[in-house]
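Per-chain residue numbering starts at 1, and chain names A, B, C, D and E are given in the order in which the chains are listed.
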Amino acid sequence: MAEPLPPPLPPPLLSLRGVRKEFRSKVVAVDDVSFDVRPGETLGLVGESGCGKTTLTRLILRLVEASGGEIWFDGKELLGLRQRELLSVREDMQVVLQDPYASLNPRMRVGDIVAEPLVTHGRVRRRSAAARDRVAELLDAVGLEAGSQDRFPHEFSGGQRQRIGIARALALEPKLVICDEPVSALDVSIQAQIVNLMKRLQAERGLTYLFVSHDLSIMRQIATRVAVMNLGRIVELADTETLFTAPRHPYTHSLLSAAPVADPQVERTRRRIVLRGDPPSPADPPSGCSFRTRCPAARDECAHTRPPLAAQEDPGHTAACLFPVADASALV
Amino acid sequence: MLTATLRALRRNHAAKVAVGVIALVVLVGVFAPLIAPHDPNLQNLQLKLRPPFWMDGSEPGYLLGTDKLGRDVLSRVMYGTRVSLLVGLAATLLSGVVGAAVGVVSGYYRGWREQVFMRLADVQLAFPSILLALAIIAVLGPSLLFLILVLGLTGWVSYARVVRAEVLSLREREFVTAARAIGDTGPQIMVRHLLPNIVAPLATIGTLQVAAMIVAEASLSYLGLGVPPSVPTWGSMLADGQLYLRGAWWIAVFSGAAIMMTTLAINVTGDLLRDVADPKAYHR
Amino acid sequence: MSSVLEINDLHVEFRLDADTVKPVNGVSLSVEAGETLAVVGESGSGKTATALSILRLHPTPPCHYTGGEILAGGRDLLKLPEREMRAIRGNEIAMVFQDPMTSLNPLKSVGAQIAESLRLHQGLSRSQARAQAVQALREVGIPNPEQRAGEYPHQFSGGMRQRVMIAIALACRPKVLIADEPTTALDVTVQAQIMELLAGLQERFGMAIVLITHDLGVVARCADRVLVMYGGRPVELAAVDEVFAAPRMPYTRALLRSMPRSDVPGGAPLDPIPGSPPNLFSPPGGCAFHPRCALALPECSSTVPPLTERAPGHSAACLLEGSL
Amino acid sequence: MSVRELPTRRDLFKLGGLAAAALSLGACASTKPSTGGQGAAATALRVSLASDATTLDPHKQGDLPSMNVLINVFDTLTVRDTSDQLVGGLAERWESKDDKTWRFHLRENVTFHNGEPCDAAAVAYSIERLIDPATQSPIVELRLVTGAKVIDPHTVDLVTKEPDPILPAKLSLFGGVIVPPKYIKEKGDEFFAEHPVGTGPFTFEQWQRDSQITLKANPKYWNGRPSVEQLTFKVMPDPSSSLAALQSGELDVVTGLTPDAAQQLGDAPGFKVVTSPGVRTFFVSLDTEEGPLKDKRVRQALNHALDVDTLIKSVLNGAAERTPTLIPKQAFGFDASVQPFQHDVAKAKSLLAEAGHAGGFSLKLSSSTADKDIAQAISGQLAEVGVKAEVSLLDPATFKGRLVSDNRKALGEMYFVGNSGWTMDASSNLQSFVRHDRRQSRWNNPEADKLIDTEEQSVDPDTRQEAFTALQKLMIEESPFLYLYQASILYAVSDRVQWKTNANGTLAMATAKLAGS
Amino acid sequence: MIGFIVKRVGHTLLVLFCVATVAFFIVRLAGDPVQQMLPPEATIEQERALRASLGFDRPLLDQYVSYMTGLLGLDFGQSVFFHRPAFEVIMERLPLTIDLAVAAMAFTLIVSIPAGIVAAVRRGSATDTSVMASVLVGQSTPAFWVGILLILIFAVNLQWLPASGTGSPAHLVLPAITLGLYSAAMIARLLRSSLIDVLGEDYIRTARAKGLSGFKAVTAHGLRNASLPVVTVVGLEVGSLLGGAILTEQVFSWPGIGRLTVEAITYRDYPLMQATVLFLAAVFVIVNLVVDLSYALLDPRVRLS
């Protein structure tokens, strides 16, 4: 009996094709990155510091100009747009940033911070009653009191500030929210609050997230699919469960293995891969596979061939490795 | 900032005195026409070079003595306050506005604007400002306005540098990234996000700059390049009085003391503001 | 077994201009040779303040050690004159800091920075110290140590810098190593390397490690025993398995439950702790955790529960008796 | 001839702010050969200069500090003696051959310091060199001279294009310096400017720029070896420090004192301040062509309003003497019968009322910063009759730039100015200010113009004196200026020094003597 | 590093070019040397003739081009008043200004470095308070006023030191103090705050954790690091030192570059004015170039990049 065909996928909301960024220093921060973000999903983007994930978000937001490739969002190609034309795109694409202490202007009142996108896009007048009402609504949605409007950011704790940042991102009712490490600066006991909030908002408002993080445990809890980045390239992309249980790329594998698990018994029994050597500098990447210098499974070919993202057994699972990991069962 | 300043002020006795002195100087300046015992320019050649009240030969009604044209030193010091404050504040304001604008623009946009402005600043720094003052005064004649212009035009560099440095670090902060992602334009970001965040350092340099400008005005007046003589100034009184240091020390000493006291008070207050603006430095 | 370091009822105050802050309130702990004690807590829990107090590295003023004792080698470190204290720092007790970027002097070669403590404590000559420094770099797994000893911190990667910090700390073979968030600033793959390195060095030199961290994963991987801190107080102390399997303090339990885990499939909402960690400037009365505690009793807001032993080797500070 | 009194050199110390007040007053201080004194021993005399010489080439300088040094190294054709009489220098005597020719008979057996003879050829060379545009000389007195003719080795004729009755007087300073032709031709101009060789009482030793110039006595001087063995000019712009140096024995003579500075010395024993009459006159130029000052009653009123005696006493500490017009009393042409304006506020007010200015009016009074006090005091006195004169001070260089600019109104309705007539002939005092076509004139009076022409073009003393007398009366009547005073020369000397200055101001030290050595 | 040097030298030349241009035009705004050279009674013809013989009647652009091309060959033109090459005139005064600047710098450093260190290390103590009070007074007092007071006290009243002039080391004392006072205050303050910053750095804590004494930690790890920002400011201070030299040299009749500049300005001696301005600017930018380069030497992060 033939399996029923999966329902046809909706067209992607955000689609990257061969996006590349080379800085003037010749450092290639983002190299030939392509992926889709489907409406309503959370695409996780995971990688270590310096892998280019933050640059990639800035390219999508057009805060940094790309050197090549295409970025399609909601039917428009972004890289060709002029700054003026971008304004309408920005209404549908907002960002939540990492550091809740730095991402809010310390000299502005919370109400003005949250209302700023509305004002910039001409939805309300600054300090108008309409602005206050809308801000109150938004603050309520992220679990803050309406009275918070007249206070300054420094009067709030880190978690509360991140809620303010989320309220600001939601003000224009965007379709896509790019979340750049939104919880990594928060205390452990607060992270869960924010993750839950974001999940709830996504469900209520049909949001799509591009969720960037270096923290695998957060990723597993929030992402629908996960893309793994190493030295400017996507090396593996899969459904979250597939990626965490059956990674194909040795880099993903070693990341998962290196991340400690908060359970001493599990830790004692895990097979751990401890990589040798330093991560290569993005200014001087190795030839061929960018991971080969640290890869436990590297062979000579890896130095000559740059492996393309290739489809793996599971549907929608791709990995860029000539010799993918066969068995990752010991990972838990 | 204000409450923090007041709190810091409560703990700092020197600053309390300094703020008191500044208040006094401002009051004297504002109300000079009401409180000065004499017209500062009224001459009485019969009463020239009379000493202050506690000395022999003093003239009643002339508390701090008279100068060589028989004008009342106290009244002249009081009126001199006005020029010093006016020049200090106006020149600071001018250099602050120019410097902050240049600093914000070059710090935010970087690129050619920054290059042009910073090279301009280099040229300005390398160029002896006395020459600029001289040229302007020589061409346009001495006047309060031109004096302010000269001081303002030579003083912008320190602002521009500090503001640029601040902006360079601010523009990397995430709230600027957030504003750009929202769609704010460069000018919007500069006005709404950058300027409010450099108010504290601006106020600090501004305060210190007022003192520097007062000294600069005095120096130029001392060199005879300052304000027109119909207005008594501390610098020109000092220059006048220097010749009489031995016999009639009071002319130079009181005006010099007025300069020192005022700049000292302003500098102490500026330090207080600096500490408040940079709590890291304060609490360490 | 005997402790190489023992802290009893330590109290530390910072007397600032306007306020007095008490980051450490009655911390007690002990650690034995070859053992790793993890001190775990969120920001503001007092864990780093405790660590710095051991070597008396807080600047005085504003810091004052207002109570308790710190025993090492039979002496109370809080009572030692500064001179003798200096002979202990970096020699008997050494420390590794969180940020290897700022903790190394950018203007001195790493070799010189290692050699400094060798010359100081072991009276080595310049050349001897230099040779020893190269050896220390080799021990912490820095390739090509002869050449790299002459290089400057900015020429090293983050992981390599932390290795240098460890080399400095271990150069004089201390009995106790205090590691303050040694891997927090590092990437996960590098973090694994550093933890492996520390474990290997501990095995080799047998020093006790006091590991300060907020990361329960790191605790689970490295620690023998765990001290949980909250609001400047110790709230639970037990062997690592006990803490994770049967926490006796509601805070520990809530923390473990709220943690997102990479080994558990997602989907279900997480179980967060409501509210925020206490503010040092206005700590809540009574048990510091009571405003966020699901099980709080009325008296929790007025009574500070002492850390009491509930089972052999397992202490907790909670008014609720028994296991949760 | 009002020479280099205005800003040039003195600005320096003004800019330094070191002699704020009426610097110009004392700046012409000069020593003049003094007589008497004991036998010469090996002695050194140290004299302060307010500013350094610019060059030691006498033809390339036009300022007193340079001249003060050079007059000791060089000789001029004629000399002003201690009683201000014009006597022979390198020329023993002279006469007017015709309207346009002056003949000079030279002293014989005079040699330059290098042994080169000083003869008619040298004189002719010097005159020609001075008037050659290529020399770029700032000396202007010889503008009428077209050339010098050697008649015999000791006789030379100076030819002018128009009559120049006071040419011999003009040759007593800047214009009359004789330089060695061979030496200059051999060594070049630049070398000469650093190592001057003249015929004067002292030979050049050393020049440390802006610090000091050292001269040695010339044993072969034609007028006898000077009693001072070594003469040092020390550059000290600040009068208070030079007075301090005088008191500490670092200096013997402090020149260029202002009245204020002179007061600082007080009654310190061992030193004295000498006040000697000078020829520099001060006055206020009025714009007679426009505004309220067009009315001569107003101009007279302002003259009556001024209390010049009080100004002299209070502002100048008495170091000046009242003059009725622009002419100092020592000058040829001065008429003692011309009476100065009386200080009379009532009369001034009534004259103003007559002219329709009973309520007074406002105008600007410009002056150099160097003359700030006196300008302000004048403004104060004018205020008493209701005339508000706002003082506008300009740094000396700017002041001078405007003074000589083509725009005669560049300094406004009134400006305070000084003018030195070192030729001691009224002609010099009047030349730039009276005839309507002269650079600083703001007075158009045909009668005055005619009188100027008479005195300038006639060589007959009586004719000239008549013209001057008439001019002075006319100037009082028409009042195109506010007349003030002629300033005294002030210097401070140690008691061991014996010398005396003359009225015009160069530091000729040939006959200075030192006591107690 | 080479690229850095090349870039900085390029900047320096650009700045000098701009200064030369500005100086050229600005001095011509201020007035004419010919008017200052001639007595007021000179006729217009005489004035015109002198102006022509000096070349100041040529079109401005013409003069500018020949001035700039002259500069390429280090020809600053002929001083109008001294009748000598402007460069030569400057070189003659230079040693005196160097004497003064060196003495002032020496005074500055001798006073400010110990004061800054002590104040930083004993932060909050009575010593710190009195150092900071002196710093404030030093920064608040105009240089000319200091000079006048020093003359009044030490030369006039006590007669310990000469009031003005040159000749002996004693002559240097008062001017050097006058000139150095502001910089000393400035540097003491800066060193203090910079050192306080450095003392709060993690690597000082590392040094203390190694067992170094507080004093050793300051000397071995603090000073060099704290000197980095100070060095930069010392470079900029040269600017105020040069500006201050103008006033100080006036007050003390010190025949150096500062007074020469004022003389040139007074005479409106174009070539000399241009030359002194350019010279002062060159000294300033070259000192700052050297400072930048020495910064690079002090800091391996710059040196090795």
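In this text, contacts are C-beta pairs under 8 Å (C-beta built on N, C-alpha and C of every residue); 3 or more make two chains touch, one makes a residue touch a chain.
Fair warning: this is a prediction, and the values are worked out from it, not measured in the lab.
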- Message: Contact counts by the stated rule: is the higher one at A-B or B-D?
- Response: B-D
- Report the chain whose mean Cα position is at the greatest distance from that of chain A. D
- Message: With centres defined as the mean C-alpha position, give me the chain A-chain D separation in Å.
- Response: 89
- Message: Taking the mean of the C-alpha atoms as each chain's centre, how many Å separate chain B from chain C?
- Response: 51
- Message: Based only on mean CA positions, could you tell me how far chain B sits from chain D in angstrom?
- Response: 43
- Item | chain D-chain E separation of Cα centroids, rounded to whole Å | 38
- Multi-partner residues in chain C (2 or more other chains touched) are none
- Item | Residue numbers of chain E (touch at least two other chains) | 30-31, 144, 156, 265
- Task: Provide the list of chain B residues touching at least two other chains, using ranges where the numbers run on.
- Result: 134, 138, 222-223, 242, 245-246
- Message: If we count contacts the way the header does, which residues on chain D are in touch with chain E in the complex?
- Response: 1-4, 6-8, 11-12, 15-18, 52, 54-55, 57, 60, 62, 133-134, 136, 138, 140, 143, 189-190, 193, 209-211, 234-238, 240-242, 244-245, 247-248, 250, 396-398, 400-401, 403-406, 419, 428, 431-432, 438-440
- Message: If we count contacts the way the header does, which residues on chain C are in touch with chain A in the complex?
- Response: 42-43, 157, 159-160, 187-193, 195-196, 214-221, 223, 240-241, 244-245, 254-256, 258-266, 269-274, 276-277, 292
- Message: Going by the contact rule set out above, which residues of chain A touch chain C in the complex?
- Response: 48-49, 157-160, 187-193, 195-196, 199-200, 214-223, 240-241, 244, 254-267, 272, 274-275, 278-279, 281, 294, 332
- For chain A, which residues count as touching chain B in their complex? 58, 61, 63, 83, 86-87, 90-91, 94-95, 97-99, 102-108, 116-117, 120-121, 165, 168
- Could you pull out which chain C residues touch chain E in their complex? 55, 57, 82, 86-91, 94-95, 97, 99, 102-108, 113, 116-117, 120-121, 152, 154-155, 165, 168-169
